[in-house]
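Each of the next two complexes has subunit A plus one more chain, namely subunit B in the first and subunit C in the second.
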Partner chain A sequence: MSARGRSMRNRLLSRAVQIAFLLGLILLWYLATTQWGVSQLLLPNPVAVYHELMNVLSSGEFVPDLKVTLSELAIAFGISSVSGIAFGYLISRSHYLIRVFEPLLAGIYSIPIILFLPLYVLFLGLGPSSKIALGATISFFPIVLNTIAGFGYVDAIFIIAARSMGASDYQMFRYVLVPAALPVILTGLRVGFTVALLSILGSETIASLAGLGHRIVQLAEGMESARMFAYITFAVAIAAILNTAVSTLENRARRR
Partner chain B sequence: MRQRNHDQSVRALLLRHPAYARLGIILVLLLCWEIAARWWIDPMFLSPPSRVLGSLTDVVETAGVPAAIGITFFELAVAFVLSVIFGLGIGLAIGLQRFVHRSFMPIVLLLYGTPQITILPLFILYFGIGPPSKIAFGVTHGMFPIIVTVIAGVQNIKPILMTAARSMGANKWQIFRWVILPHMVPSFFAGMRLGMTGVLLGVLLAELYVSSAGIGYFTTIFTQSFDPTKLLGLISILAAMAIVLNELVRRAEVHYGRWRAE
Partner chain C sequence: MATDAVAISIRAVSHAFGEPGGPRYVRALLDTSLDIARGELLCLIGPSGCGKSTLLNIIGGLLPPATGTVQIGQTPVRGPLPREVSFVFQENALFPWCTVAENVTLGMVFQGVPKAEHAMRARKSLEAVGLAEFAQHYPSELSGGMRQRAALARALSLETGILLMDEPFGALDEQTRMILGEDLSVLLARTEKTIVFVTHSLGEAVFLADRVAVFSARPGTIKKMIAINEPHPRKPEFVTSDKFHSLRNELYTLLHDEIRKAVSQSAIAGTEAKA
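Now for the complex of A and B:
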């Protein structure tokens, strides 16, 4: 058999292993609930979960919670990306400022900021504003750090070349700095988006009045396990869709 | 004239040592906080840093707090050790075999990418509200970065080294022990650093969500009784703990990652 045929067969085989693994998990789950008598409260039947999921989707019950979560995410990410890029650009204009601020910001970023959630709740209440503030704070750091890295470490030779060819400040910004910094900034934005989504879901789970995270907790406390599993599936799918969309956007913007 | 000389020397000092300027910024921020908390903001919500610092002993002396910090530290330690064991085991199992790698890597990445916070209520349901649920949640956060970096470390070995070892007649175990293992060390320590970040996140999230004796219990109590002095004190203690733990693994990473750069 040719090498190409063998690699093709290997790929199919590994795909088959993946599918078998996932199917096996679901089968185990099914057997555990129907045959081995695992409590429906701890592990609801996958078929029941599927029905609940269809019910949630068709009744449109998820819409208000999804709206809350997504609007919190949009505002938080808006705040952190605008302030992160602006602040990062200003810092990156001077090597001295980079040396002052970069270790400071990196140091704060290494603390688990989720610790401050009780403070945010104390200041801003249980509503969306505490989630927005927390999400904006946490996602600010990867964005500002990557913006500094992007603008601050543009190869000096490009700048010298553009200057000696008589580029104006605007031309320098538009044709040298931005193209050089963009890939790094985009990575920062993607990481910031993921982190913002996680921290918003997290703070909704811990203390909130509405949103997907809140709904899951509510169902858990009401012992409606099947519906909770359905909502978890839904939330994971939403997160996966959003993250994929952002990665795709990043790749497309980078290629240009 | 003298005044100007003085100004210039201060400027020169700051320019030569950015660390002083950094310290200055932190001090100015603390000063703003102090002023805001003393004169503008309701003391029910914010208390000045001077008072927080003074109350640290009060916080530690509050009945149950030392035990709670101890429990949280215990949860972090156990979760970290378990993450390293699972991460290393699963990472090696997947990374060493090409076919297993191709089959299971997408599944690992899929699981790594899911927002685990959504299944936090399940952990409470299965493991109760005591330390086991925090440990389990910390492990699921800390394990995946270690798995991924261990796999990357195993895969990134230069083929020439493997070929050389094999042509000199090394058997599988010898290749693992003398080629793969030493080459994996730097990325393994990088993974441990990421794993520590994950463990901190997971354990603290679970603690804040629901807790019967750990620090989450006390943050809830201090928040609900509008006692910002103690809340800030407790949070600073925990932040210091997180910084120390992060710094420990970072130092280890720098130390053990050094040989490759030479």
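Now for the complex of A and C:
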């Protein structure tokens, strides 16, 4: 068998094991609810969850909440990526600024900013603004830090070589700095996107008026466990699709 | 030497790194003067840290000298002169995000070559170094020797009168180095280029150069100039000739004491740094 065929077979095999593992988890879940007497209130039957999910999807009931969550995510990510890249680039232009700001930003990034959610709610209210502001704040850090790393640590030999061949400032930026920094910045954008999504869904469950996170908590409080699990499944699927899409975009841009 | 026959004229150039009196102050180059003739291949050889790469960067306008002047033809060097001077660096100076062909083309974009000439000049220079078939490969897909050929093609496509090479084969194994040296000698015999070539290798210097400038230990200056009177392109048999050996031995004797000096300097610097 060719090396290519073998690696293909290995990939299929590990994919099969992954799927079997997930199916095994669902089977355990099913057995727990039907055979081992776990309360339906705590852990609803997977079949019931499936019916609820179908009902949620066919009724279109999820649309308003999904819209709220996605628009919060889009605005927050838009703010953090534009400001993160802009600040990161400006800081990366000076060794002094890198020395001052990189440890500072890395330090702030390491504290759990979600703890400031009450403050955001106090200032901006329970509506989408507080979720947007929190998501933008949290996702700003990986983006700005990676932008600094990308632009600030371009191998000096590339810059010297381009300068020796007469590159103008614009050409240096367009043909040397940007392509050299791009892979690192793209990683920052992917991480930023993921943490924005996490923090928005999370903060919706804590203090909000609408959104997928809000809906899930409402259902939990109303003891509608099966429907709550259906919404969790839905939110997980949305998150997985978005993260896969962003990773695919990242890889495509990187390969170029 | 008549002025129009001089391609590069170096007058009383000195350079130092760091603050005078500071702990990292290093006098790299001391009062060096030199004329390099048009079409000549000059090798700079000397112990590590003797300032030969510093001198090369000063000639190319990448580094302003502390004192002294450099002229390319009639033009004083005050910064890079991409139309007159091109570089081949030690390694990894190809842009890894560009294919070989794109690397060569980008050099021409930077230098300001009209777009209509890009494809033809890229093909010609890649053919000259034997890489035409690898134009669409990325540098990471090439061996170290092929990468240096590509870097040479990029420099050739710029069609400058002067080529500065900073240990271009320094990171390669001995065999690859030998082959590239032979090919370079053939290739350069066909051009009128003036070349300054920094190397650590005695054999490489004798094989390639018209003249070899032997540098003293730090602060470096030219200790002796040795002429290699052998026509280009040099044949592989030259390496086994008595003439080659006696020249190589002469270089070895000249360098040996300087390298000893340089090693004891760096040993002293090491103990100072620890103290």
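In the analysis below, the second predicted complex is superposed on the first by the 235 of 256 C-alpha atoms of A that agree within 3 Å, B and C clash if a C-alpha of one lies under 4 Å from a C-alpha of the other, contacts with A are read in each partner's own complex, and residues count from 1 in each chain.
In the analysis below, contacts are C-beta pairs under 8 Å (C-beta built on N, C-alpha and C of every residue); 3 or more make two chains touch, one makes a residue touch a chain.
Note that the coordinates shown come from a computational prediction; the quantities given were computed from them, not determined experimentally.
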item	value
Partner chain(s) touched by A:Val176 [first = subunit B, second = subunit C, both, neither]	second
Contacts of A:Ile26 with subunit B and subunit C, given as first, second, both or neither	neither
Touched partner set for A:Asp155, first subunit B, second subunit C, both or neither	second
Touched partner set for A:Val82, first subunit B, second subunit C, both or neither	neither
Partner chain in contact with A:Met8 - subunit B first, subunit C second, else both or neither	neither
Contacts of A:Arg163 with subunit B and subunit C, given as first, second, both or neither	second
Partner, of subunit C and subunit B, that touches more residues belonging to subunit A	B
Common interface positions of subunit A, toward subunit B and toward subunit C	none
In the complex with subunit A, residue positions of subunit B that touch it	15, 18, 21-22, 25-26, 45-46, 99, 102-104, 106-107, 113-115, 117-122, 124-126, 197, 200-201, 204-205, 208-209, 219-220, 222-223, 226, 228, 231-232, 235, 238-239, 242-243, 246
Residue ranges of subunit A touching subunit B (in the complex, touch as defined)	10-11, 13-14, 17-18, 21-22, 41-42, 96, 99-101, 103-104, 107, 110-112, 114-119, 121-123, 197-198, 201-202, 205-206, 212-213, 216-217, 219-221, 225, 228, 232, 235-236, 239-240, 243
Of subunit A, residues touching subunit C in the complex	155, 157-158, 160-168, 171, 175-176, 179-180, 182, 256
Interfacial residue positions of subunit C with respect to subunit A in the complex	60-62, 80, 82-83, 85-87, 89, 92-93, 95, 97-98, 106-107, 109-112, 158
